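Once you scroll down, you'll see the structures, which are given as structure tokens.
Two complexes follow with chain A in common, the first pairing it with chain B and the second with chain C.
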Partner chain A sequence: MSSDGDNDDFVYDDEYEYDDGFDQDEEADEIDSTSEPDVYDALSPAIEEAPQKKPYDVTWKVKTLQEIIDMQNKEIKKIQSVLEVPPSSAAVLLRHYAWNSEKLQEQFWNDPATALQEAGLSPPSSPTTSTQPLPSGPFECPVCCMDYDAASLEKNTYAMGCGHRFCKDCWTEYLTGKIKAEGESGNIQCMEDGCSRIVREEVIDEMVAADVFKKYHNLLNAAFVADSPNLRWCPHPDCQYIIECNQAPTRMLDQLVPTVECKCGNELCFGCGHPASHRPVLCRVVKMWEKKCADDSETANWLQANTKECGKCNSTIEKNGGCNHMTCKKCKWEFCWVCMGPWSEHGTSWYQCNRFDEKSGVDARDTQAKSRASLDRYLHYFNRWANHEHSAKLDAEFYKKTEKKMEQMQNSGNLSWIEVQFAKQAVDVVIKARITLKWSYCMAFYLKRNNMTELFEDNQRDLERAVENLGYLLEQNIIDTDSIAKLRSDITNQAAYVQKRHDILMDDTLKGYLERRWEFAIPT
Partner chain B sequence: MSALPKRILKETERLMADSPPGISAAPKDDNLRHFDVTVAGPESSPYEGGVFKLELFLPEEYPMNPPKVRFLTKIYHPNIDKLGRICLDILKDKWSPALQIRTVLLSIQALLGAPNPDDPLANDVAQNWKENQSAAIAQAREWTRQYAQ
Partner chain C sequence: MLWEVGIPGKAGTNWDGGLYKVMMTFPDDFPTKPPKCKFDPPLFHPNVYPSGTICLSILDEEKNWKPSITVKQLTRPPVYGVGFKICLGVQDLLDHPNISDPAQIDAYQMFKNDRTAYDKRIKQQAIERRPK
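And then the complex of A and B:
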């Protein structure tokens, strides 16, 4: 990784400019993410001292769909008045320039006619709807070949500024198909072959049914969010919010893991859209890992359990019956399945190999071991990753069990509701730590072996142990009042310790990116 | 089967009455949306002298959706694969309902005269075309002689 001086002191402040194409003047100072959700604000205003923002954290805002629509309208209005074009043309221009209004204005003032034409609009001198006189005689629609007499042309046919006239039935069918079947919105062109004139919003409104027009608008909003590098839909089911974050452009994703929290209560990664936090692992490493797991893990597990490799040609062999005298189908090498040594040295001791320590057998197993080593290494990390993944999936059950225990403590230990909350808080901590641990194994798989990696694995091991201990304590049965008091203090202490170990691992790893401490055994 | 739209009737009529040079297209008796097509290889191309058979089908959504066209005669061309499928923009995303059977077939004929190995459908052919153009052209000529005459 190269380090250019600018990034060595990694501080996000107001000087850090990221041009997002929007007017930030009025918004620059509001920051949603560092303050707690509204409920807390209402109940305990004392919480104002928000947790200090770490250098690797990002700030973000959660937006509603309406706010997204307002953002677009505000931009459209601005461009409309600056360039003196109708609103729908301003919208077409902005979409063409992916909402980069500066670039749009530059190009427009350079050469308005070309800018309009490239975006698929009529040149400034000509109107948006065709002013060519209607054909005087009967007109045949070039698409459906239906004939229209001169009197009905005005009512039944339509041409945009480009002058390509078609009947309205064909327009309706064409536009409906584009919107509903092909999911197109902002770049639907004239029906004529080779004509790049864009069909504007008001034309679409006139031609299609209300539900199709609604879908058209949804697609426009989706395209707006997709076109804006600082916007992302919340990926959680049924969530309609959009996250805005200006601090995590693609080029920063080698140093940042921009975990954000949506108003729906779920976390996501702003960088890649992963529907949960994958800290402390970088987006591209997560992507690589998930691909590898999807491709390899099941197959690798099966191979590991059921096969061995031929000592000569390395073909993978499954023994599905018969004796230990194996003959490789590929290279005809004869060997013993038990010691992997050559069969010729077995003499007459068939079916019962007692030669495990003979040199040739050891050699054969060595080669095999080497070819297995990389597979084993992967499975080592994968199984730990999968184990935590599995535990995290059971968290609903974990909460349920703990709730029962909390009730029990309230009944038998004369504790108040407030006093037993420590158990739930401990479960929160365990679950959070398990997710972090899970990703830490993905990280470790790709890290190069060096001192830094050893420190990382020390931190990982400490957290792993602490979590196991806390998990064990949470499984304890409640016997009497005295033991409850002791258990309570143990759990509270251990939970605080887990939290501390968790924060250390997270903090150190995320800071490590900024300090360029981590070396990966993968192409960057 | 529903009645044939006026557009298809008119197009068929015009095609039968006046087909472009080197191109013929006639609907089958049992399905008027299914056409037997022949295209003559363009002059001074490796397909010159060959007559290529194609089939063309007009889907229910025609003309809002493009016709489906496929070569039946074996042909050595970087944009046409073993199954006769054609890589041509107007048959996909560049389709316009104002295009017609006639224009589609003319475009296919033009594609024979101007192969585009940078947008290949048949990878092996395209690679050969780029690396050893004269050999590829000789091969195309040979196949034309063998299968299209």
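And then the complex of A and C:
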């Protein structure tokens, strides 16, 4: 797989070139200046994301709650003036037609009385709340059976346009219960059996306490966002923002993975609300995968037990950080944590640890072996997926370790704070790449075996190997000043390489959807 | 609040003669929420869950329950002595099962496949539930 992008012109294997051009003065200049991209690239190559929009990217806006309220009010105002109805009626109508104002106007002009009635409003000819005649004699509230004399009727009872009269205490209790306990807002109906008249905003304002009315408004806003296909709440805790995206309707989700970033700094998938990027995997595949992993939870639980046994001496080993190059403390056996094979085969020759060869070990005539193979196949991909998931959980520790190392480098290598930032940037790259790798195993599990899949797995393998090498470099101990310079150049180069492999995998996979290159074998 | 309610079978139907005991549990937020109605002991009827709970849209807050149902549709002045009230809706349901919304398999299948046996079983149940 070749990358045909024009922007990967940085040099990542020429480690001596920028080593020379690296001194304090230049460094200081370069921080402020972005006009010298060539030199700057050599220092932190390609770690900055390319600013141009890719064909598979979507544009979005982050909205505040106030903007969402303004959006609703604007629509309400429009309908109010066009249909000549009070604002609260316009709101009820719009909610009934899921904020599709064109459809609303069409139905309304076709038959205003029916449109109003279907939305739960009084037809224009019927009496309104104010013109509703009061009963002449004493009145018994049909809900609580309390008696009210004629003199207190106006003060203590209330009927909407439909004429169903109840005492205000019952209204208050009913509306408060609906809003607070059941979370209803836009479609609270009259208390009368069989009456579908909607209780409008001003009635609710009159009947319930201020905090309940506030909650009513929050629920209305939540319902507005939920009803609008181009809006979605940011799923991150305590974040109040709403994302607006017009380029990711449901029908596009077979071609797009609409990852967006909220103002709170976190990413999410606009398509499914997943609280992080799950690129390059499609929403429905992610859903299927997560369901499968939950269904096979017993197996998954067993798998997720974080211990493995040394292939030589059978000592139980827990991996609590670091790269996949493991050395058994007891017998000094060096092996790969992912495939458990000897490490010697990984460093030099073909890295065979990312793909599952379906052909090997399966006896087609033996059905038992077949079913075991399908489980093995799942476990293969799940293991690799879970491995990266587990690594991601150790991110904080990874950063802490790196920070310590950066301090060490500043002290023993006479480097400035800025000069050691390369290590943190490299960690950023590793973490990002691991998330992509994690999802790439979910993708590979569902891909049909064909040439395209082979290319995908080639890219996956290249990235896996690059990340592993970078992880290994970041684990290295600092011995002396000379080794720091060497390590620094190695890490910077490798980080650039990882970033490049990452972008290639991502770019190719996401473009593949648009070009309909991927064939999935979705089990039924 | 817990009410013990006796619902008599309508005269002239297979349910006639039986008095069917319903336990009505009123939630704290009644009448915003409906009371939970449960036949005790459970009843052989297509819309009654094996636990005895009644599946009826007017008793479902997500469906047709409204606070005003309390007095008008559900209860009436005592007929079988103090403490007994009639659930009109439930009484009506006895002889008019809602086949599109079954709650127990035995009564549902018998009602659908063998009406003669079903009617016989209902009459037998009415005799068993005759008030002493």
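As a working rule, the second predicted complex is superposed on the first by the 398 of 524 C-alpha atoms of A that agree within 3 Å, B and C clash if a C-alpha of one lies under 4 Å from a C-alpha of the other, contacts with A are read in each partner's own complex, and residues count from 1 in each chain.
Just so we're on the same page, contacts are C-beta pairs under 8 Å (C-beta built on N, C-alpha and C of every residue); 3 or more make two chains touch, one makes a residue touch a chain.
Because the structure is a prediction, the values reported are computed rather than measured.
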Fit or clash - chain C, chain B, common chain A: clash
Contacts of A:E318 with chain B and chain C, given as first, second, both or neither: neither
Touched partner set for A:D480, first chain B, second chain C, both or neither: neither
Chain B versus chain C as contact partner of A:Y174, first or second or both or neither: both
Partner chain(s) touched by A:V143 [first = chain B, second = chain C, both, neither]: both
Partner touching more residues of chain A, whether chain B or chain C: C
Partner chain(s) touched by A:M191 [first = chain B, second = chain C, both, neither]: both
Shared chain A surface residues [contacts with chain B and with chain C]: 142-145, 164, 166, 170, 173-174, 177, 191-195
Complex contact set, residues of chain A against chain B: 142-146, 164, 166, 170, 173-174, 177, 191-195
Of chain C, residues touching chain A in the complex: 29, 31-33, 58, 61, 64, 66-73
Chain A - residues contacting chain C, complex: 142-145, 164, 166, 170, 173-174, 177-178, 181-182, 189-195
Touching residues (chain side chain B, partner chain A) in the complex: 5-7, 9-11, 61, 63-65, 90, 96-99, 103
